[in-house]
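Scrolling down, you'll hit the structures one after another.
You will see two complexes here that share chain A, one where it goes with chain B and one where it goes with chain C.
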Partner chain A sequence: MRMSVPLRRLRQAPRHLLVCEKSHARHARSRHAAHVRDHAYNCRVSFLIPECGTLPEVLKSTIADVGEYYLLRNLSLHELVTHEFIDTFVKKGSCHALTYNTKIDQDNTAALLPTGKLILSVDKDTYEELGLQGRPSQYSGKKVMRYIITIDLMDPSFHPDSKKHKRVLWALKEKKPLEFDFLLAWCNTGAEGSTLMSYFPKNQIQTLKPKITFSTLRDLQCPVLQSNELQGKPEESCSTEELFEWLGAVLNQVSLDNKSFSFLSTYCCPQPNTIVEQAFLCTITGFIIPEAIIQLLEKLCCYFDEPKLAHWLTLTVHGFADSPVSWRESEHGFHKGGENLYNFVVFRNLDYWLQMAVGTNDDCPP
Partner chain B sequence: MARADPPPPPPAAFERRVLRSAAEHHYLRVRLELPDGGARPSAAQFKQLVVTALRELHGEVGAALPVDVLTYEEKTLSAILRVTSSGLVKLWSALTLLGFYQNRRCAFRVLQTSPFLLALSGNSRELVLD
Partner chain C sequence: MEGLLYGRLPAGAAEEELGAQPQGSEEAKAFVNAFLKRSMPKMKDEAIQDMLTRKAVVLEHYFKKKKKGNRKKTKGFTAKQRRELRLFEIEPEQQRYAIFLPLHELWKQYIRDLCYGLKPDAQPQMVQGKLLKADLHGAIVTVTKSKCPSYVGITGIILQEMKHVFKIITKEDKLKVVPKLNNVFSLEIDGFISYIYGSKFQLRASERSAKKFKLKGTIDL
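Up next, the complex of A and B:
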């Protein structure tokens, strides 16, 4: 007998995607830096280097360079669309802003991309009160309960005297004032100009430093990998999915040496594997801009300039579960986990694997 | 005499694989809530409790569902569970409906769930800034 539809659904897991790419970091057409740049909002970066006891100075200083960010409390959204703000920050560098402690599956959320696009993800009532043009969320099903509004702050037609600008300002200032706590980061190419600290009132803005932790893992079982074999080869090397799960186990401090018959857990390190005496793990938590991650990735590639025992190292980046976008302007939502993360495996010869993972309410990564 | 190294393989050519809903397992980060005082379950007792929950709701077939307790911290009563993707709904519902541990009221809170174990190591909803 065929299983009825509702029962079959019970056995189905929510949709998710894992995209795996391999290429070479020094290929002219390699897109690794572009993939990092396109993923604007990152809350945690971790890297793991096998056979490494102490971190080289150059990596230490790169980590120390991961910039500060700001927490802005109770910011009225219209302040981000004033021309003073656009001219001082948005047009003179790359400005990242994301609402803090807002849940995208229930609250209104806003994000300012470094490209100057302001993206609002709002519920139906707010959308109707705002009266700004938008589109229904891709993931709202038959009855639309969430809308996405995109405002291009860099658009030449968005000048101070234009009707468009006046309407947006009026909508956000008078029609339906929206207030959020924002995470903000700004990096500009020139040294001169004002800073976010002096632009916003002192009692509203707070400077925050990324939290950095180091640890050394002893006698770690590491899977054997071959850069040319994404799918792995039986008895010779592990596949990219196996590595992805193993790395998750390592970062969550899961024990790796269980037996297939043990009661508690049957997870074990994929085969074949080797035991490395020590591995260095560093985790950076905060509001981390892509430029800092590109720097770090570049320095990690340079780690292999001198001969090293390690065959590969990994760099993992977690996105914000409640950001309205994942890569570029692809809409992101929170279904069951809101996951959007990626991981690089950089090999000794600078081949790399890139794994990009998203959950149910997401487009395919680029 | 030093052995001549084999020539290095050529740099990897671009390749892309897209795996659609292919995860074999799902992972849940859970916390058990118990009234203050009284004994806390050990790791084995915790696993037994999960199996009991499955048996209560889904019978012997449910109890046979392979579930792994990947991590368990007795102090905070929190754990990471792994289950085959087709059993996610069964496990989740069984945990939700469990109400007693050794005749004491209890409740399972599912804190985070994902098809990627790696995703559980960075939850932006628990980001604490200071």
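Up next, the complex of A and C:
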């Protein structure tokens, strides 16, 4: 019996994408920093170093330097488009803001990118009431239930007397006041100015520190990797997909034993593998800005300056499942898990693999 | 008695009693002709004679043709002519908000009369029921919801209501033509705010007064 096309599509697994690229960390045209910078909202960074018992001091201080972030309660959205805010923060550094505890597939969500773009992802009814021009969401199907509004705060035509600015302010202040809890982070380059803490009232803003956990994994089975063999070679090295899968298992503490009596998982480490006596796993959770990740990646590359036993190490960064964007301004949605993450595998010779993965309702990573 | 009454007069009685004289047949003919001629001077002699020959009359129903008046009913312009003449368009120099403020005052008065004075404790259902049938020319309305975001926030006095559009003059003296479809309008009078779902309101003002609105269907845009 033939199945109609939409029914057949229902039986398929939802689409997911894994993009993989290889380059050298010191290569002049390497895009690793750009990729990290484009991924603005990161909620979890973890790195795994095989054959490492204690963390070098350099890395420790880098982790401690991962900046603090702020939680702003009940902030009216129009405060982010006032000129005072734009002049003090958006134009003088990179300002990251993301609504907290809002669900991308049912609530209104807002995000302020470091490029100065304010992105609102609003449902149909809010869009109709708001009166700001937007475009239908890419993943909404025939009957559009979600719209994306992009406001460029850095646009020179967005000056305080412009019609556009007045309209945006009117819409967000009088027409349809939207209130959110925001996660905020701001890093300015050099110039000292007022801080977010002093800008917003005390009872509204709260400073939070990223949560850092260390753990040492004993007798870990690690796949053997060769930097120039992305696809892997039978009996010699594992492919990137196999590594990605294995890494997911390790980060989630899935047992790799393949015991016959385990009903939860029969996953085992891909072949060929080696047993590593101890591996260091560090996880940082919070609202982490890309600049901190670039710094961390740089320090991790420096780890290989001195001869080490490890052949490679990994750095995995998870994005927020409910952020309206993944890379740059490409739309992000929550279909089954809302995953958007990337993973660096840095080899001893500073070659690296970059794996970028997204779920169903996502544009292809850059 | 009856026999006496209807019996013939005795011969000579008529002459004696009444002085009437019997006429000869020739005289009688001449008299009838003269009489007819006198009473119907317009008729021709032959026609009179014709009538007197007592021809059989054919009994048939014949329609009396109504006499058409010479004056033709003044016919209006056709829709096309109206459009060409721009009869219903407001001239640019007349498009000023201030001109239409008295109209708005008038409209407010009209609605108050319609709703029995519009007391603050009036039932909103009653007010809405009346507004539904009321004329909206002169009302101040605001577009609160729209599928097209550019329409949102337009406020002004309704100048014309057509089947599918409202023509609204804004405070900035701009004439805006706002379609009813996919728009929600809000209308405020003395603290009562009513929302008009334009998609369900696509009627001419005159037709609307007679229309029965059903409480059915979705009001989603």
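Criterion: the second predicted complex is superposed on the first by the 347 of 366 C-alpha atoms of A that agree within 3 Å, B and C clash if a C-alpha of one lies under 4 Å from a C-alpha of the other, contacts with A are read in each partner's own complex, and residues count from 1 in each chain.
Quick note on the criterion: a contact is a pair of C-beta atoms (placed from the backbone, for glycine too) under 8 Å apart; a residue touches a chain by one contact, two chains touch by 3 or more.
Given the structure is predicted, the values throughout are model-derived calculations rather than measurements.
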- Message: Looking at the superposed three-chain arrangement on chain A, would you call chain B and chain C a clash or a fit?
- Response: fit
- Could you tell me if A:247 is touching chain B, chain C, both of them or neither one (first, second, both, neither)? first
- Task: Could you look at A:233 and tell me whether it touches chain B, chain C, both or neither (first, second, both, neither)?
- Result: neither
- Message: According to the stated criteria, A:175 is in contact with first (chain B), second (chain C), both, or neither; which is it?
- Response: second
- Larger residue footprint on chain A, choosing between chain B and chain C, goes to B
- Mind working out whether A:166 is in touch with chain B, chain C, both or neither, as first, second, both or neither? neither
- Report for A:131: first if it touches chain B alone, second if chain C alone, otherwise both or neither. second
- Task: Working from the superposed arrangement, determine the closest approach of chain B to chain C, counting only CA atoms, in whole Å.
- Result: 31
- Message: Considering only the defined contacts, which chain C positions touch chain A in the complex?
- Response: 144-147, 149-153, 221
- Query: Contact residues on chain A for chain B in the complex?
  - Reply: 10-24, 26-27, 29-30, 43-44, 46, 71, 100, 103, 208, 227-228, 230-231, 240-241, 244-245, 247-249, 251-255, 263-267, 285-286, 316, 318-322, 336-339, 341, 343, 349-352, 357, 359, 364
- The answer for chain A against chain C in the complex is residues 124-125, 127-134, 170-171, 175
- Message: Could you list, by residue number, the parts of chain B that touch chain A in their complex?
- Response: 8-9, 11-23, 25-27, 43-44, 47, 66, 68-72, 80, 82, 85-90, 112-125, 127, 129-130
